[in-house]
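Chains: A, B, C and D, in written order; residue numbering restarts at 1 for each.
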Amino acid sequence: MSVSETVEVTGHLIDSGILSRILDDIREYEGDYVIDRFDVGHDAADTSRATITVSADDDPALQRLLMRLQTRGVNQVDPGEAMLALADMDGVFPDGFYSTTNLETKVRIGSTWIDVGNPEMDCGLVVEYSGSGEVVRVMTLPMSDVRIGMHVVCGASGVRVKSPVLEKAPGSFGFMESEVSSEKPQGVLVRSVADGMREAKAAGKKVLWVGGPGVVHTGAAPAMVAMVDAGFVDVLFAGNALATHDIESALYGTSLGVDLALGRGVEHGHEHHIRALNTIRKVGSIAAAVEQGVLTGGIMHAMVTHEKAFVLVGSVRDDGPLPDVYTDVIEGQRAMRAQLQDVGYCLMVATMLHSVATGNILPASIPLVCVDINPATVTKLADRGSSHARGIVTDVGLFLEQLAGELVPDYRRA
Amino acid sequence: MSVSETVEVTGHLIDSGILSRILDDIREYEGDYVIDRFDVGHDAADTSRATITVSADDDPALQRLLMRLQTRGVNQVDPGEAMLALADMDGVFPDGFYSTTNLETKVRIGSTWIDVGNPEMDCGLVVEYSGSGEVVRVMTLPMSDVRIGMHVVCGASGVRVKSPVLEKAPGSFGFMESEVSSEKPQGVLVRSVADGMREAKAAGKKVLWVGGPGVVHTGAAPAMVAMVDAGFVDVLFAGNALATHDIESALYGTSLGVDLALGRGVEHGHEHHIRALNTIRKVGSIAAAVEQGVLTGGIMHAMVTHEKAFVLVGSVRDDGPLPDVYTDVIEGQRAMRAQLQDVGYCLMVATMLHSVATGNILPASIPLVCVDINPATVTKLADRGSSHARGIVTDVGLFLEQLAGELVPDYRRA
Amino acid sequence: MSVSETVEVTGHLIDSGILSRILDDIREYEGDYVIDRFDVGHDAADTSRATITVSADDDPALQRLLMRLQTRGVNQVDPGEAMLALADMDGVFPDGFYSTTNLETKVRIGSTWIDVGNPEMDCGLVVEYSGSGEVVRVMTLPMSDVRIGMHVVCGASGVRVKSPVLEKAPGSFGFMESEVSSEKPQGVLVRSVADGMREAKAAGKKVLWVGGPGVVHTGAAPAMVAMVDAGFVDVLFAGNALATHDIESALYGTSLGVDLALGRGVEHGHEHHIRALNTIRKVGSIAAAVEQGVLTGGIMHAMVTHEKAFVLVGSVRDDGPLPDVYTDVIEGQRAMRAQLQDVGYCLMVATMLHSVATGNILPASIPLVCVDINPATVTKLADRGSSHARGIVTDVGLFLEQLAGELVPDYRRA
Amino acid sequence: MSVSETVEVTGHLIDSGILSRILDDIREYEGDYVIDRFDVGHDAADTSRATITVSADDDPALQRLLMRLQTRGVNQVDPGEAMLALADMDGVFPDGFYSTTNLETKVRIGSTWIDVGNPEMDCGLVVEYSGSGEVVRVMTLPMSDVRIGMHVVCGASGVRVKSPVLEKAPGSFGFMESEVSSEKPQGVLVRSVADGMREAKAAGKKVLWVGGPGVVHTGAAPAMVAMVDAGFVDVLFAGNALATHDIESALYGTSLGVDLALGRGVEHGHEHHIRALNTIRKVGSIAAAVEQGVLTGGIMHAMVTHEKAFVLVGSVRDDGPLPDVYTDVIEGQRAMRAQLQDVGYCLMVATMLHSVATGNILPASIPLVCVDINPATVTKLADRGSSHARGIVTDVGLFLEQLAGELVPDYRRA
């Protein structure tokens, strides 16, 4: 026996390819569909609206499919009320928990639509009640933070999402998969990123950078320092490697300078990085190293000097690590989440691991650009939840050099 | 003023390219050298021996250079005695600590050469004394495990290393950088890996696998299960992703099947993996899921059934994670080290992160093969400490399929 | 002032993404559109049909846009009659010539729809008249073959195309961009190629191979020889390199064996290939070398022995070249076209240059699979005219090994 | 029975890795060796000198090995006299012909050492006599240009080569395989290329560019035009694609703008390029199009305006082609050779095919830099004959932008 539900979606359904993906999802989840109504945008600028009845073999399968479709901005026509269940174990959601998207989300409880404050993918929705039984707020919560007795939304009922409007205005460089264009692509791309950062700052928002050690190896550290100095780096997410190589370079004057683009990485045996780690561990923290005059240059020095936030999260391949590094990755994720408030622009440079990690926790509403010389990194990120990510495949060193040239008036390469 | 030390190195210095790298190192460390004597192997089979006087601006620089050269198997002619210093902080080595190689190592204390039991790169050497002041043993210790009062070797004096003999016998497929050959490269490579595993097993040693989720995505899970069943997977190092995708596939019958080779990765929005994680977290562990009949197939099921060890270490991009995953990466490294005993062969498949992490802690004496479709991964590993790594750039799915065909007599693709 | 035309298109417009691309094209050509009517397929299996009025600034721009849209299978609702113009120069089309697609094409002349015999992209359409003024046939003609006085179709009027029906049946592995799946991707892919070849042979069609030197370097020559022997290689398109390396290997027993996957290519200095070239030039042709017993093994030997056709076309980087190589690339293209008759399946392996060249002249109706370890090659081909190409990113050596195992019952790796 | 010969080689044998490669070659050719004498450079700046007796199974094998070793700069201690044989067929060398290197070469005939004027790899050496039987000159000749009755050098006797001295000076960025470094790699690399071009111009030499269509797609055409205007592009080698896309862009204002770095190439269906081809074919040549005011901008326009030479050689995938394109690749090679006179610097950008073709005919003495975002292209070229090639893996668009900034004082991005 089959169960079904009617859903609707609005937007540039055809030219953005979203409708095609929706139908792919239904097939992949072994559901079926009938398109009940499709009001197509007559002119290029119009949005379209589709009403689709989707069906599946049983209700759990249908609910999973409905949740999946919400990642595409598809909502139930008659969403009903959210169904809640109590968590009966720490770190475990109740069966059939609603799995979140990174879109703007509302939940209907007692006929009232409540905004979810912190959209994040692959979490659950937890409803907090006051002592008097009133709903205080609804928030996303990662699986590992669930505690017994929490009220968790189950199934897709009573949840609505809203996709950001995709602009395809002339002048914008658009989305990687559909178009990358203009006569001077690279110049336009650099300027577009610079504009995005300036707009975020003008709106009182923060600029978040996510970086890998390639920033240092390609010689872009001075460019990045100039952008920190100029106020375009408010928060930095990275791993042990970026900070260590930056510090090693500042302490020993060594220039690893092995282009990651050659796929050669930095030779591990180069034991200077071990001494750099030991030196910082000895003084206790990067900030202490700056204060005591041990560390006098580089990206981390600039971040500390300007009192900018950074979150360094460790990985299994780390040496040391630096004392500032979160060795517990779940705690590291929490520390990253705590810095997302007021972020209005995100630039990811030369790191797969931390870019994906950041993409996981970032709301879809925040503009996101990923720069890497390896197309796989760019594609992988764009394939994941945030279809709003823009990818730029280019040389990280030259890109940051040019970006500094755009953002910092008197920046000159030495 | 310049200080100097005379060193020596023996081996296939020219045709292996080692001597060239030694001189590169000296230049990179801003040292200088004079080749005092060079006894060249006359015939192709002979080893050569070089005696070189290296100099540097001051003693700390010289000591760092000498430590660096030991990663190439270069020893001081007159090594002297090990110098020891006391650690005066937890997690920090004394200044000038000896930074280890992954080669077989001996330390001279009180005129006696003592073997270091567990060679590992980028660690310190700690000397343990009995209550009566006798040396009990000398061991490598990672920086984070140092404790106040430990006796740590400083400088390069009193330390000798021994490089494995590189065989360039006909028939062996040799080393990635110098030669990859024979009329049927891929067939030969598969057979060579199979032979290596069989030899390790015949010698009573364990076979260690390090794997990424690509093993599952390329459809190689059944081949790997067959090899687990046949006893060729004694230990598995992986992350949350391999285990989760394997379990998701077993629980939901979904086949992610997105070839990583296309650089497309697995779409994150696919929420089945979140439910798989929740399911395993609910029962408490992968082993419990097998016992309770929740998990009835796949790689992890096979590992549990055959009571094989696995160490799953988390990363910052993890969802969940599975209850078996070490969320603290330093603890994860310790758990990995604890499984290295008796490992006689290591195969790394489709993972950069865990391959580099394993390469960091593995002695150079253990044969190591890295298989990936991405040349950068293979090169990166080979560039790191263990120059003994052999790299195979190929399709992971077809490779494991063929390897199972070699190792498991009645293995047939379904 | 703007001119417009009403067009229509039928098919799986949404889930195949075609409609999205059509609208992209209109934008890119700076046209505008109104969707007059859109009958959406209600069920997943139904096709949809759209009627769209497209407009442009002037008639030449409109005609160019209409021609462009035909590459997507879009036809004018009221196609009218073909307009003809006389070529007034050799090798040059009249202005406004119709630029062809590789789809099944009909041309209306004097109210009669005439089939175009040999669909090929980026050609013109030439109408041949009998002495009595009757239309004998309409054929595609490449620009360089135009001769003064030929009757050439201009503008998009009177031309209709028909897209192949894209099947998205369960079991088929589908199209690279939308889905690559099933539990054992690589095994399924190999079998799918084998099935395609068997079906073509069963239908009395030929199997066309396009190969690069990687076939030899990855050790797959014996596998390919087995498939030639078994009748699965009817025609081979290649360059000087595949044939030379194959012959060098047969003559000198040298195994270049440098895996292209490592991006290392074959060292040029290896002068055996020069001697191999000289040897074959001396006897006059590859066939003569086989007859005279000079060449006794390898792929080219097998092709000659089984009297199979091969077309070798040179490139600017060639040494020699072999006497069989077309040094004039335009003549080479003609020789390739002459072999397309009755081709029912095409496999492209390890070559960008010859794969693109073949994709240029192949009708869209012929199944086409491109195998390469480099995703860029696979993507590039799929991006070009034939959206029907299927791409497989895998190791060429292992793939051909497995394909031989599927196609040749007693094939065993030596 | 084994035959042997004593050879010698001088240079930075160890730190450049040359000696290691020499021994690899001997093994690969199944020869054997004894190192008779090895005078090692004591200090880092000294050169070394090795005397080696190499042996092989028979004389032809030995001669082939000796010719092979000459590609490494290895000469016979007692070179003897050149042996000559008459060509008895057009296009075919006598058996045992000497296969050339791209090094500076001398041939001894009648006790006199004669310089070979035009070193080129994989050719033969032809001796020209005057009517009175005097040697007029010795020249390299490609296989296809041999004519009956020519005097061709056979075997390795009487031939000496001289390797360029590899400088490893501080400040130079060195050779891809050994070191790429300095604190700002990309900035240093750009400046190094600019310096190389300026030095060549200052010495009255020409700068040769070899380019692929990526120059246009990445938006670098204006930067390249600026460099043509400033006199830094004396000769351009390219294919049909670069010129066609450049001209299409100039004629139609279309910006293909699809970044090759994404591996997406330019969609073939885009029929503008076909019209651009037809337009130029109609006027007869690119120069005619410039004269008649049909073509008013872009790279080719700049080349014509400044009366700079360009050689366009076709390939099997070409549409059209442009009337200026050599459709016969052997004639194209000849046209390229004819432009090598006085070339003092060569920059290869974004093309594998034409870069390899140019590398084949370029003497080793000409500085050569290859820039591509794809490491495989860079490595492939460096692996081939000219070990003097320097590779830069970076974004072509940004690189040329920065290079124009270095070379053209008032160059500003629009």
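Keep this in mind: a residue touches a chain if its C-beta (ideal position, glycine included) is under 8 Å from a C-beta of that chain, and two chains touch if they have at least 3 such contacts.
Predicted model, so just to flag it, every value in this text is computed and none were measured.
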item: Result of counting contacting C-beta pairs for B-C and A-C, higher pair; value: B-C
item: Rounded Å distance between chain A and chain C, as computed from the means of their C-alpha atoms; value: 40
item: Whole-Å gap between the CA centroids of chain A and chain B; value: 32
item: Length of the line joining the C-alpha centres of chain B and chain C, rounded to whole Å; value: 45
item: Numbers and ranges of chain B residues touching at least 2 other chains; value: 263, 375-376
item: Topology of the chain contact graph, where touching chains are joined (line, ring, star, complete, other); value: complete
item: List of chain B residues in touch with chain C within their complex; value: 176, 180-188, 217-220, 222, 249, 255, 257-259, 261-263, 373, 375, 378, 393-395, 397-399, 401-402, 413-414
item: Chain A residues touching chain B - in the complex, by the definition given at the top; value: 64, 67-68, 71, 89, 91-93, 95, 97, 99, 101, 121-122, 142-144, 239, 263-265, 267-272, 274-275, 277-278, 281-282, 313-321, 323, 327-333, 336, 353-354, 356-357, 359-360, 374-376, 379-380, 383-385
item: For the chain C and chain A complex, residues of the former touching the latter; value: 14-17, 19-20, 23-24, 26-28, 32-36, 38, 40-44, 168, 178-179, 375-376
